[in-house]
Every structure is written in structure tokens, then in C-alpha cells.
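After this come two complexes, each holding chain A, first together with chain B and then together with chain C.
Let's look at the complex of A and B:
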């Protein structure tokens, strides 16, 4: 370890330390009024995440550096680490008003959020299978708690947490088994070494074991990213979890996993060209195509906005996979760009949902959005911007990202997937626009409780909206940064 | 002085803008001042321009005022330019002069209308657009005016939009003239494509240099321009909109029939005469269409009962004479007739309006009668107008202009057309005085209520004077340098005189027959219609063109629309949507919320992935 090493570990360190600090604050609560502790936890989280994000941006762009065998800090970890931290910060800001309305202690939720973020952050920089498991488990275990964290949500949240616990446990088992198989056949857990071994040619007979191992690892990752057919948990968990936690699941937890998938595909790509019709890539392509179609079809007539966004996220991860599969120089860049646009957009959408929700009565059904334009024009405009971006309509981040993705896919001659992507986008328009239609409808006479946005929520929404439009209107700066950080 | 030419169209346009944006807040006198004053000022400017133009003729007889270049794309550089020569000078004098009188008259006629300001705004725009049309130095700008008058006719025919029939009439006028407009637009496209310009002078010059007489391109262009002219000027086969166009207030009819709109087609053919000269077959078609129209419309006018419908058909018929003049190569005769017709037709419509105004909106001439006693001014001015229409010899303008058209047809060797025109003249005299005798003579029908005030009688008197003396203006001599002199007359002067006498006799004969049938005291009913029987009913229905078009176009179109209403083309997308919905329902079954099923899916997916990587 050189003297500068702690610098690159700083974001992770700050995040973990913030988690500890929040836990301490909760522990020493004692007789202090609950709200004060909660606010202290909130402030600690915001400050910690902001500091972590700052340090992450400060160390970004440095030469790739390996720290312990588990982690590597390079362009991918810089960008996706920043995405994870920024998403977490946005979630914390958005959650503030929602959590303050709770009739129960909420400071633990911040501790769990920070822990989960630390896990995701670890994932972004791990290029070792142990690092993968480590990060993934830290993230997952936090999520189990988070989904069930708000007792006021009642059985719905508990059921969601239970389902998530069982299924994620099973998926982790697959992942671990896959790791074990890989170790058995190749004898290493480091991705670079794994790649080297694989390209050198695996010993005869163990080849099947290797690909089976990779396939199982893929199952674990597919579950986390909610790719079809490992997606069935998604709508139930998205619906059951408290709205801000859903936003966390939809963004932070995906960001870390996508980073590892990027490395994995790059590693596998070094062994076999994607064009060769090699097994792993066929599986990925099938996952992508199925996710796009099934996700969009399931969302088609959905009336619950949280479930709708869950299905939408399934489809969007399918789109992202198309970029990954496109390979070449454009592919990974398009995938990362797409993830950024997706995160901004879905955070904005869930942000509006969060602000409109109370724990006992979340703004799930589309009816809660009827006439929103006339009641709360700014919130409705934010939601509309998010929905347009999800649909990929010009002047939004979603359009530019999808365009970039299509270019990458066409560049990589992935014509079949492009066709599916187009079909999926058309399907998407239908249900995305339904949300806008509902918001424009004549408002119900009995107006729903109008929750204040809150200062932090307002800041988060404004920031997200601004970035969404900024990317949509003038994406060149973003693309340039992406190009510099990812190299090439 | 000539440099003030741009004010001529701009003044009414300014009036339109002022009334549109401020009309609701202005009091009626202010609206009147703006609405009537703008056109009045415009006519004064036009008069001054005319004096300057005639006093000091610019070289070539053409004054061009280029206001600015519109755009410059791919070699096409249309300019917003005004083109003043004898033809457009005559036109702006007629449009502003007659237009002003109609506006003045409207100030009283429309006084009680709640939408007073909207009325004058539309009227001003109408005049402005017509002025743009006749002053345009470029066919593109002309087309702007062309469509502008189309729009205004729509707005004004449907002015009383509370009545569905009026809106239908407006729509009919718009749609039917649109058929011609499309033809004209295509003609302009060909001109741009082949000649690369739409400038009036350049088009004719380049066409003469580039196209052999009778070549396909020039024939096509001339035919398409004729299509446009036929639509606007209500000639066969697009004449059906004009009789219905009287749904608007009567001054609107006067404006449409005299000063604006219908004369646009005649003007267009006269203006692009160079192209028609290169396409002799189309020029013959112009004459034939004109002749057929004048006969048909005269027949229809003979059996109408509605005072405005009679006048509407007579307009179609008189426009037919103008087309006949254009077709036999004497545009100056056609424009001469256009001018005199503007005088007497405006007069007749305004007179009819005064009758309708006085008699509680009674349109049926057989329920009117004896108005000579209660409305003397209206009666005598109306008689002057009818005499001009009938071509009463020597003392009316209509006699000279119509006779000139017929003489040119005869002199050009078109004896059949001449004969038909003469027959038409007879019928014209008959129906004009049928109208006069039934409405103003005989027993008193509907009592006259309100008496027209000076704002109505002054225009009537001025127009009556013009209808009588307008024939001595010597217009053809002014116009011929621009429009081309007719060929040297083969026939000696004596023949012309003989034909003039013949035309006079025909006209007098028609009037005498009208007196015999309708004028003598104690006559009742409608002997001509009775004598004609079913033929009369056929003619009254406009020779069944509406019914024919209804069967030929409207109903099939409706049928197609009805068939498409259920969107058979939409079936495919609808099927796709249905398919998507079906898939959604099927997939939604997988989201049953049961954990063991979810776990099974996870396991099955893993198994399938394993199978794939192991077999591929």
C-alpha cells in the first residue's frame, strides 16, 4: 500500500464511518426526544454522503489503482461510485419529509441506508469474487431491514421483506455456488487472474464447470438487477417497501451490481468475442430481450404507480444490458451513461411518489395522481419530466441515453436486440403516457392530503430535474467526462 | 405619388388589424369610421395613384414597387412587389371604389348587428386581400391574396354562424373553390419547376422563350390556372357554390359578386394571358366554358324565386360573358365587362339588400310587389342596374361592354359562341325585368317597413349613375396596350353597327317579353316557370348540379368516411395492441405474489441458463 492509497478508499471509509456515527447516535439516544435524534441521524447521513461524494469526485480520474486483491479503483468505480453516492444522497434528502412524518423511531433507517450504500460502493470497485460477495451481502442484508423498516406500513412491508429475504437468499446461494465452481475449476477468485486462466485455456473437463460457475454467478447478478426470469420479486418489493426505500432499491443497489457486471462482461469478452454466439452471451442476450419485453408488457395495464415503476425498471435494466452486449468502445460507455440517466429519472419519479406518500397511505394507485397538474403543478411537472424521460422523449436524459444506447447497439450489430428495444419503447409509451393523462385529468372533488415538499426534498427534486433536462438538452459535457474517465 | 401605391392594400389591412384587436372595445361610430374610412382612404389613394399614373405614364406602362424580397431559396426569389399597369389600375379603382360604397352602405345595413366590428374587420381584410391579389407582381404573392379572399369569403358567408345552413354554405364555398385552388397551386409548382420564377413578367417572357405554342407543359399550366379561375369565378363545373354564398349578409354578396372574389378568376386569366396565348386549345376551352356557363346560369336565373338567387345566377352568367371575352382573345373586352358588371351588380345587390332590409327579410319575389310606391329611390336605381344587366341599348354601360364581348366573338369567327351569347343576352333581359316587374310593379306584397337612410341611398345613386355612364369610359382603349389589342378586324365597321343594333333589339325584346308576362297589371304567378314545367324545376335547382355532385362526390366521400370511421386500417395496430394486452394478462398471472412460485421461477431460470451455457 502506497501512501496515497487511503485517498481512494476515502469515500468508502466516510460512508462506513457515517453509518457507525448514526448507529452511535441512535444508541446514545437515551432520554433525548426522538425527533432530535432522527434529525441528527439525518444530518449525519447527508453530511457523510456529501463528503463521500466530494471525495469520490476528488479522486476520480486518477490512474487505476489496485488496493488489496479485492478492490480496484479505476474509471468504472469512479463513475459508478459517484452515481451510487449521489443516488444515496438524493434518497436521503427525499426521504427526510417522509420519515419525519412517521410515528416511530426512524434513525436506524439512516444507518441501514448508509450501510447499504457502503456495500454498493464496495461493489463498484471489486474485481474479485470475494469482493463481489462481500459487497453484495452488505447491501442485501441492509435492504432486508430497510424494506421492513417502517412498521407503520404494516404487513405489506413485512411480506415484501420476507419475500425479498428468501429469494435474495436463494439467489445468493446460486452466486456463492457459482463462485465455488469457478474456484474449483480455475483456482482463483480474482477477475484478472480468472481472465488470464480462461484465455490460456482451461484444463480439459473442467470447462463445463467453469461455464456453469459463470452461469450461476450470472443468476445471482440477474436477480439483483431484476432481469427476467429472476424478476418476480420486484413489483411486490417495490410496492411493499416504503417509497424512499424503493427508490434506494431501484438505484443504489443496481449501480453497484452493474459495475461488477461491466467487469464480468469485459472479462468474459476477453475470452470469447460476443459475436461468437458463446453461451454466456447468449444467456445475457436472452435475459436482455426477455426483460425488455416482459417488463414493458407487465407494466402495460398496471394501475399502481410503484409497481409500474418496478416493471419499468425491469425493462430499463434490459435496455442497459443491450448496451453492455454491444461491446466495442461504445458499449460500456453507453451502458454507464444509460445507468446515470436511469438513476436520475427513476429517483425523480420516486421522489414525487415519496413526497405524495404517507407511510400508512402511500400514493400507489394511479387515482392518487388524477388531476395532479391542477393541484400541484410543480410536482406534476417533475413527474411528467421523469415519465417522459423514462419513455425516451426528446429533451430529456432518457432520450439521449437511449439514442446513445441504440447507436452502440447498432455499432455492435445487435440488430435483433435493437428490434426488441424498439418494440419495448413503443409499449412503454402507452403506460408512461397514461400517468401523464391521469395527471391532466379533472381532479377529484375530494382533494388528497397535500403533503409539504420540504426543503431537502425540494432541493433534491430541483437538482434531479435540472440534471435530467441538462443531460437531455446538452449532453456533450457529460459524454466528455464519461469519455475521460472511462478512457479512450 | 406612385410611391404611395403600397398604401392601397395596407390601409384596409390596417383597418382589419385595428378592428380585430380593438373592435370589441370601440363604439359603433368608431368602428364605422375605421371600417369605412380605411377603404375610403384606400380608394382616394388609388384615385391619386391613377391620376399620377395616367398623367405621367411610366416607361412600358408598368410601375413596379418592390417592397422587399420574400425569400431566396434554390434559385426562387419571390419578391413582395406591387405591379401597377392599366389592368391592375382598373382593378384597384373598382375594388376600392365599389368596395367603399358597399362599406358605406353596410354601415347602415349592419347597424343592428351585435358583431358589427367583426363584420367590418372581415370586410376590410377581404378588400385588402383582393388588392394584394390584383397588385401582386409575383404569382406567389397573388396566391396569397387568392387564398386570402377565399378565407374571407368563408368568414363572411358564414358570418351569421348561429344558423347551420350559413356555415354549410360557407364551407361549400370554401371546399368547392378549394378544388380550383389546388389545381392552381399545381400549376404554380410546374411554373417554378420549369421556369424557375413566379414573377409575372418573367413567367410570360420565359414561357414564350422556352415553350413552343401548344406544347404539353404550357397546356398543362394554362389548364391548371384555368381550373383555379373556374373555381373562384364560379364557372362550370365549379359554379355551385355561388348561389349558396348569398347566405351571408347582403353587402357581403355585393362585395363577393362585384368587387372581390369572383372577379379574381377573370383577372387571373387576363393577367396570365401570355400563357393562354401559347395554349390555344385551353383558350378555346375558356370561351366554351364561359358560353356554356352563361347559358346555363341565365336559364337558372329565369326560374328562381329568391331575389338574391336570381342575382347570384346572373353573376355566374355575366362571368360567363367575361370568360367568353377572354376565350376569344379579347381580355380588354372581358375586363371592360368586369368593370361595368361590378357597378351594376353591386347596385343590384345593394338594391336587393335595401328591399330585404325594408321588407322584413323577405326573399321571395312573388311575396313582394309594388315596392315602386314605397321605395322610389331603390326602385329607380334598381331599374338602372337591371337595365345595365339586360344591356338596354345606348344608355347603359352593360350594353357597351356586353356588346363588345359579343362583337369580338363574332369578329374572331366564333359564330356559334356569338349566337349563344346573343341568346343569353335575350334571357338576361327577360329575367332581369321579370325581377323588376314582379318586385316593384304589380300589387303590393309585403309592406315596406324601415326606409333606407342616406348611407344606403347614396351608394345606390352613385352606382346607378356609374351603371348608366360607365360604358363611355373608354376603358378598352386604356387596357389594350397591356392586354394586347384584338386582331385587326376582318369585318368592316358596318357589320359591327349592324350587330349592335341586333343586340339592342334582342335586349329590348327580352324586356318587352318580361313586360308582357309579368309587368302588365293583373298578371299573377310565374308563367315562364309554369310553361317550363319540370324543366323549370330542374333549372331552378341549378340544372341539378348540386344533386349530381352530391351523388358523384359527396355521398361516396361520406361513404368512404363512414367506412373509415371504424378504422379498418387501424385493425393492424389494434391487433398489435390487443396482442400486447393479451400478453400482459398472461404475464400478469405470473405475478401471483406467491413466494414458492417466485422461487420456482428463479430455479427454472437458473436451470435454463445452465442448460444454455452447457449446450452452446
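Let's look at the complex of A and C:
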């Protein structure tokens, strides 16, 4: 290791250290809830994540470098690491008011959030299957706890957590088994070496083992990204988990996995004979198409906003895959850009849900939003902006991201997927508009309790809204940064 | 800079009207009037001799340089006429809704101003991505206008309108991106500038598909029969100002898109497609007229007359001759005024009688004589009475289209007869017969001013359309030359 190496590890180090510090704060507290330690944990998390994000941005321009065989720090990890950290920061800020309303201790939630973030951060820079497993498990184990973390949520959260535990456990088992099979047939776990070996031709008799290995690894990844047909946990977990945790699941936990997929696709696309990578592309294309159609179709039936956003997130990850598959110069950029726009949008949406929610009665049902526009115009405008961004309407980030994505997909001649994407988008318009129409409806005389936004929540919402409009109106600075960091 | 201001002023006016309307409703109305009035003055100041390429003014600023997307605006005679129409109708719409809209007045004017800004932008945009951006931008406020201040089935109508326009818009987006990509492959650099994309050479099949992508979006807006089913719902459910903007302006964006983009960008594919489009236009003329005749809902009746009148526009555009295009532009303006006025009357009637049902409206002429006179005037305008703008327009379209394709033109000409039927039926139903018993207020001075302005404009277009032709001619000549039509 040269002298510079610790610098690139700084964001990960700061995040992990903050997690430890928060755990200490929880230990100091003792068994009874105390507002002071809770706030200390909150402050520690905010400061830790902000420092991590700052250091991430500071080291981002550096040349690519490998640290241990497990991690590589390059443009992809710079951008997606920043996305993960910024999303985590937003989640922590948005969660503040929600968590302070709890009458149970909540320091551990911050510790788990930070640990999960560290796992996702590790994922963004791992191009080794062991790095993948490490990162993914750190993330998953934190999520088991997080989904069930608020006891006042009652059975709903417990059910969601059990479901997640069992299914995610199974997915992890698949992933590990796949890794083992790949190692058995190819003899290496490093991604570039692995794909090179695969394209050089597998030893006779082990094709089946290799294909099974790859397929099992894809199951693990597909589960985390909630791609159809590995999406069954998504609506229940989105609905059952506390609203801020849902925001975390929807953004942070996806960012890291997308980074790995980006590397996998890039490695598979770079092999000498393109037809060797084709099998992977076909499978991913099927997953993308199925996710877009199933996600949008099932979202049509939802009356619960959190479930609706869950299905919509399934569809959006499908869109993102389309960009990934497009390849070329535009493909990876479009995918990363889409992820950024999606993260900002969905954080804004869940931010509004979080602020409107109490642990014992969350603002899930569409009725909770009826007439919101007249009761709380600013919150409703934020929600409308987020929904329009998901639908890809101008002035929002979602519009530019979708435009860029379609351009990349056409450039890569993925016409079939483009067709599916357009059909999916039109389906999506209907249910997105339904949310907006509900918010515009005449308010009922008896309205839900009006929760205060809170200072940190207000800051986070304002920031997210500003970025959403900024990307939507003047995206050239963002595209330039992507161009520099992702090269090409 | 003036072109940017032209779009920005209504946007700012809308932003101002919203909070002001919370204080006092009148302030929101005044803010909207001021913004649109200033904008109208601005637009009038752009009148002048055309520069090279027919442009009166252009503007360019990089927006997303890495993809060659820029804030490119340009105004020629065609744009100017439509911009003036937009601002005039917009102003009259504010006046027409003065007493109709009583709830959420600030937000109403915000949406109205933003729709108008989007429409103005569409008439000015010379970058295809910017064009799509503005094309989509005008939808959401329009949906709000229908969904919030509309009649009984407003939500249904609003969602239907949104889905139709968005779905077809996405097809246009794909076509725009495909065209940009073709340019990139040919020239090696990205550009979505109208001027750059005009010259791209395309394979015939690809050109046809891309052209159809554009046509889909414009055909929904225009509307072309088969894709028109959103229109009667949206027009009849929208509030008066919404119906005015829809009929007088939004439909014109479809016609403008065909004139400015679909045909010049794909001249060869358009020639192949022209027979189909002209037949569709002729069918639209007859179909709209027949259905208008059968309606009992006053606003639906007017909505179907739009389908019929815009059929002439489609016919004229795809005939692509100097006469037919001139007629088309005049038809766009005259239809905007006459249909807008009919919607004002329908709104005024609804405000007084609380019904739009022609079965229940009887013998109103003796009760509200001024309204009766106005209704007769605009019904006659709509049926194409010589001396009013619509007659000149439809005559020119028919003359121009006859040289190219006589059969669809002959069919469309029958539409003039049908127009007489539905217009007179409407007037006879609502205003003749034994005098109604009800006590109704006749047209107020404000309403009279709105209708009077539209009537005078129609008379002017009917008696002395030459000034309008002179403004439009250079722009149409350029279009004809780029797409190689028969002059």
C-alpha cells in the first residue's frame, strides 16, 4: 500500500467509525429511552455521513487504484459511493422528526443505518466476488434489523422483517453457492479475470457448473434490486418497514448493487468475443422487460402509496437495466444518471411520506393524501414534483434521465426493450396521475393529524427538491461530471 | 432576448398570480391580464420585415452542449401569427372566466398562464428536444385546469386527455431521438437543432417510421379521426377558459407541428403518406360534422365541430400547395376565434341556466337578445358564411387541395353543407321557438367586449385577410421550398 491508499478508504472508514460511535452512545444510554442520547446519535450520524461524503468527493478525481484484491476505486465507485452516502444522509435527515416522535429508544436505528451504508459503500468499489458477498451481507444484516426496528409499527413490520429475512437469506445462499460454483469451474473470484477466463472457454464438462454459478449470482443480485421474478418481497417490505427505512431500502441498498452490476456488464461486454457475453445480456434483458411490465401493471392495482412506490421502483430498476444493457459510450452514463435522478426522486417521495407518518399510523393509503394540496401546499408540491419526476414529465430530473436513457437505448439498438419501456411508461402515467389527482381533490373536513416537518426534514426536502429541479432544468453540469468520472 | 421574454413573461405572471390570488381574487386576474398584455405588446413589437430564411427573430443559447441540445428559439411569420392568436385568446380567456371561476382563483391563473407559456414556447422552439420539453410542459397545467375546475366527469376527461397526449408524445420523443441519432451517425456530432436536422438523409423506411412518430403526436392533438376520442370529453368537461385554450390553441400546436416539423423534416416520407393523411382529413370533416349534428350537449357539439374544421387543416397541410397552406393558417386563426367564441357563449349560457343540454334550452332569443345575436353571428362564422374568416380559409384550402387530390377534396367540400346543418340546428334549438319563461341576464359588458373583439377579428379576416397573408407568406415560402411542394 502506498501512502495515498488510506485516503480512498476514508469514506468507508468514517462511516464505519460513526456506526461504532453511535453504538457507544446507545450503550451509554442504558435501558431507558433518553432524548439526549437519541439526539447525540442523530448528530453523530449526520456529521459522520457528511464527513464521509465530503471525503468521498475530495478523493473522487484521483486515478483508479486497486486496494487489496477486493476493492477498486475508480470513477464508478466515486459516483455511486457519493450517491450512496448522499442518499443515506438524506434518509437520516428525513428520519429525524419521525424517530423523535417514537416513545422507544431509537439510537440503534442510526447504528444500523450507518452499518448498512458502509456495506453499500463497500459494494460500490468491489470487483471481486468476495467483496460482493461481504458488502451485500453487511447491508442485508443491517436491513433485517432495520425493517423490524420500530416496535410501535406492530405486526406489519415484524411480518415484513420475517419475509425479508427468509427471502434475503435464501437469496444470499444462492449467491454464495453461485460464487462457490464459479470458483470451482474457473478458479478465480476477481471479476476481470473471471470474465476473461469465461470467454477463453470453460474446460469441457464444466459448462453447466459455470452457467449455474453465474445464474445463482444473478439471483442474488436480482433479489437485491427487486427485479422480476425476484421481487416478491418488495411491496410487503416497502409497506411494512417504517417510512424512512423504506427510503433507505429503495435507494442506498440499490446504489451499491447497481455499481457491481455495472462492473459485471462492463467486464462481460469487454471480452474478446462479444457472443460469449450474449447469454448474460439475454438474461438481463428478460429481467428488465419483465420488471418494467410487471412492476407497472401491478402498480395500477395499488391503493397504498408505499406499495405503489414499491412496484414503481421495480419498474424503474427495469428501466435502469435497459440503459446498462445499451452499452456503448452512453449506456453506463445513462444508467448512472438514471440512478441519481431516481434516488433524488424516490427520496423526495418517501421524505413526504415520512413526514406525514407516525409510526403507529403511517400515511400509506391514498386517502391520507386526499386534498393534501390544499392543506399543506408545500409538502404536496414536493410530492407532486416527485411523482411527475417518476412519470418523466419536464422540469424534473426524471424527464432528463428518461430522455438520456432512451437515447442510450436507441444508440445501442435495443429496440425491443425501448418498446417495452414506452408501454411501461404509459401504464405508469395512469397511477402516478392518480396520486396527483387525489392530492388535488377537495379535502375532507376531518383530516389526518398534521405533523410538523422539522428543521432537518425541511432542509433535506428543500435540498432534494432543488436538485430535482436543477437536474430537470439544467442537467449539463451533471452530465459533464459523469463524462469526466466515467471516462469514455 | 425578446423571444425568451415572450415565454418567460407568462411564466412569471403565473408565479405572481398564485400567491396574489390567495390575498384577493381580483389581483390574480389582474396579474394574468397584465402579464399577457405585456406579452402581446412584446409580440407586436416583433412585427417587421423578415430576415434571411424568413426569420423575424432568433435566439440561441447552449443548454446541454454534450448532446447538442440548445435553447434555440425562432420566430417567423407563421409563429408570429400563432403567438398573437395565443395571447389574444389567452387574454380573452381570463376575461371570460372572470365570473365563472370563484375557487382557487390564484392557482387557476397560474395554470392558465403556464399552459399559454408552454404553447408559446412550442410555436417558437427550434430545437427538437426543447420542442418536446415545451410540448410536454403545457400538458400538466391543462390537465389541472380540466381536473380542478371542470364539470361532472372532469377527472375522467383529464386522465384521458393526459394519457392520449403523453402516449403519443413518447412516440414523438423516440422519433426525435432517432433523428438526432441518425444525424450523429452521419455528421459525427450531436445536434438537435432544427436547421441541422432538416438536411439529414435517411433511409426511406426509417424516415417513414420517424415521420409516423411525429405524426402520432400531432394527430392526437389536431385531432385526426380515430385518435380524436379524448377531445369531446376534454372540451366538454373543461371550464370555459380551458375549452377556449384547448380548441383555439392546443389543437393548433398539432397543426403547427405538422407544418414546421413532420413534413419539412421528412419530405419524401410525407409525400408517400400524403394520400392517407388527406383521406383522413376528408373523413374528419364529414365525421365531425355528422357527430356534431347528433349532439345534445352544447359543448360536445362545439367540440365535434372542431374535429370537422381541423379536418380541413389536415387536408390543406398535406396538399402542401401555397394556396392550401395559406388557407390552413387562416383556418387555424379563424377557427380559434369562432370556436373560442362559441365556448364563451356556451359558458355564459351554462352560468345562467346551469345546463348545456340542447333539449332543455329553448326560445332564448327573446329573453337574451344580445346573446342570440352573438350566437347567430358565430354560428354563421362556423358554417363558413362569406365575409367571415372561416369562409376564406376553407375556400383557399379547397382550391389548393383540388389541384393535388380532387376526390378527398370533393368529399371535404360536402362538409360545408353539413356545417350549415349543425350550426343552424344549434341556433334554432336554443334560441328559436316559443319564448322561454326564465328570467335571465343578457350578456354583460365584459362578455360583450370579449365576443365583440372576436367578432371584429373574424370580420377583418373575412373582408381583408391580405395583411395576414403578407405576414405569413415568407415563412410558408421557406417551408414550401424546404419540402419541395408545388408552389
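Definition applied: the second predicted complex is superposed on the first by the 477 of 488 C-alpha atoms of A that agree within 3 Å, B and C clash if a C-alpha of one lies under 4 Å from a C-alpha of the other, contacts with A are read in each partner's own complex, and residues count from 1 in each chain.
Operating definition for what follows: a contact is a pair of C-beta atoms (placed from the backbone, for glycine too) under 8 Å apart; a residue touches a chain by one contact, two chains touch by 3 or more.
All values derive from a computational prediction rather than experimental measurement.
With the C-alpha superposition on chain A as described, chain C and chain B clash in the combined arrangement.
Contacts of A:211 after superposition on the shared chain: chain B is touched, whereas chain C is not.
Among chain B and chain C, the chain that touches a larger number of residues in chain A is B.
Looking at the shared chain after the overlay, A:418 reaches chain C, while chain B stays out of its contact range. In the superposition on chain A, A:475 contacts chain C only, with no contact to chain B. In the superposition on chain A, A:36 contacts neither chain B nor chain C. With both structures placed on the common chain, the touch criterion links A:28 to neither chain B nor chain C. Contact with neither chain B nor chain C is seen for A:466 once the two complexes are overlaid on the shared chain. Shared-chain residue A:407: touches chain C; no touch with chain B.
Residue contacts after overlaying the shared chain place A:166 against chain B, while chain C stays out of touching range. Look at A:455: by the touch rule set out above, it reaches neither chain B nor chain C. Clashing C-alpha atoms between chain C and chain B turn up only in stretch 383-391, chosen from 275-283, 383-391 or 401-409, once the structures are aligned on chain A. Shared contact residues of chain A with chain B and chain C: 430. If you check the complex, the residues on chain A that touch chain C are 388, 393-395, 399, 403-404, 406-407, 410-411, 418, 422, 425-426, 429-430, 433-434, 437, 440, 474-476, 479-480, 483. In the complex of the two chains, the chain B residues touching chain A come out as 577, 580-581, 583-585, 587-588, 590-591, 593, 595, 597-599, 601-606, 608-610, 612-616. Contact residues on chain C toward chain A in their complex (touch as defined above): 62-67, 129, 133-134, 136-137, 139-140, 143-144, 147-148, 155, 158-159, 162-163, 166-167, 170-171, 173-174, 177-178, 180-181. On the side of chain A, the complex with chain B involves touching residues 162-163, 166-167, 170-171, 174, 208, 211-212, 214-216, 218-219, 222-223, 229-230, 232-233, 235-236, 277-280, 282-283, 286, 294, 297-298, 300-301, 427, 430.
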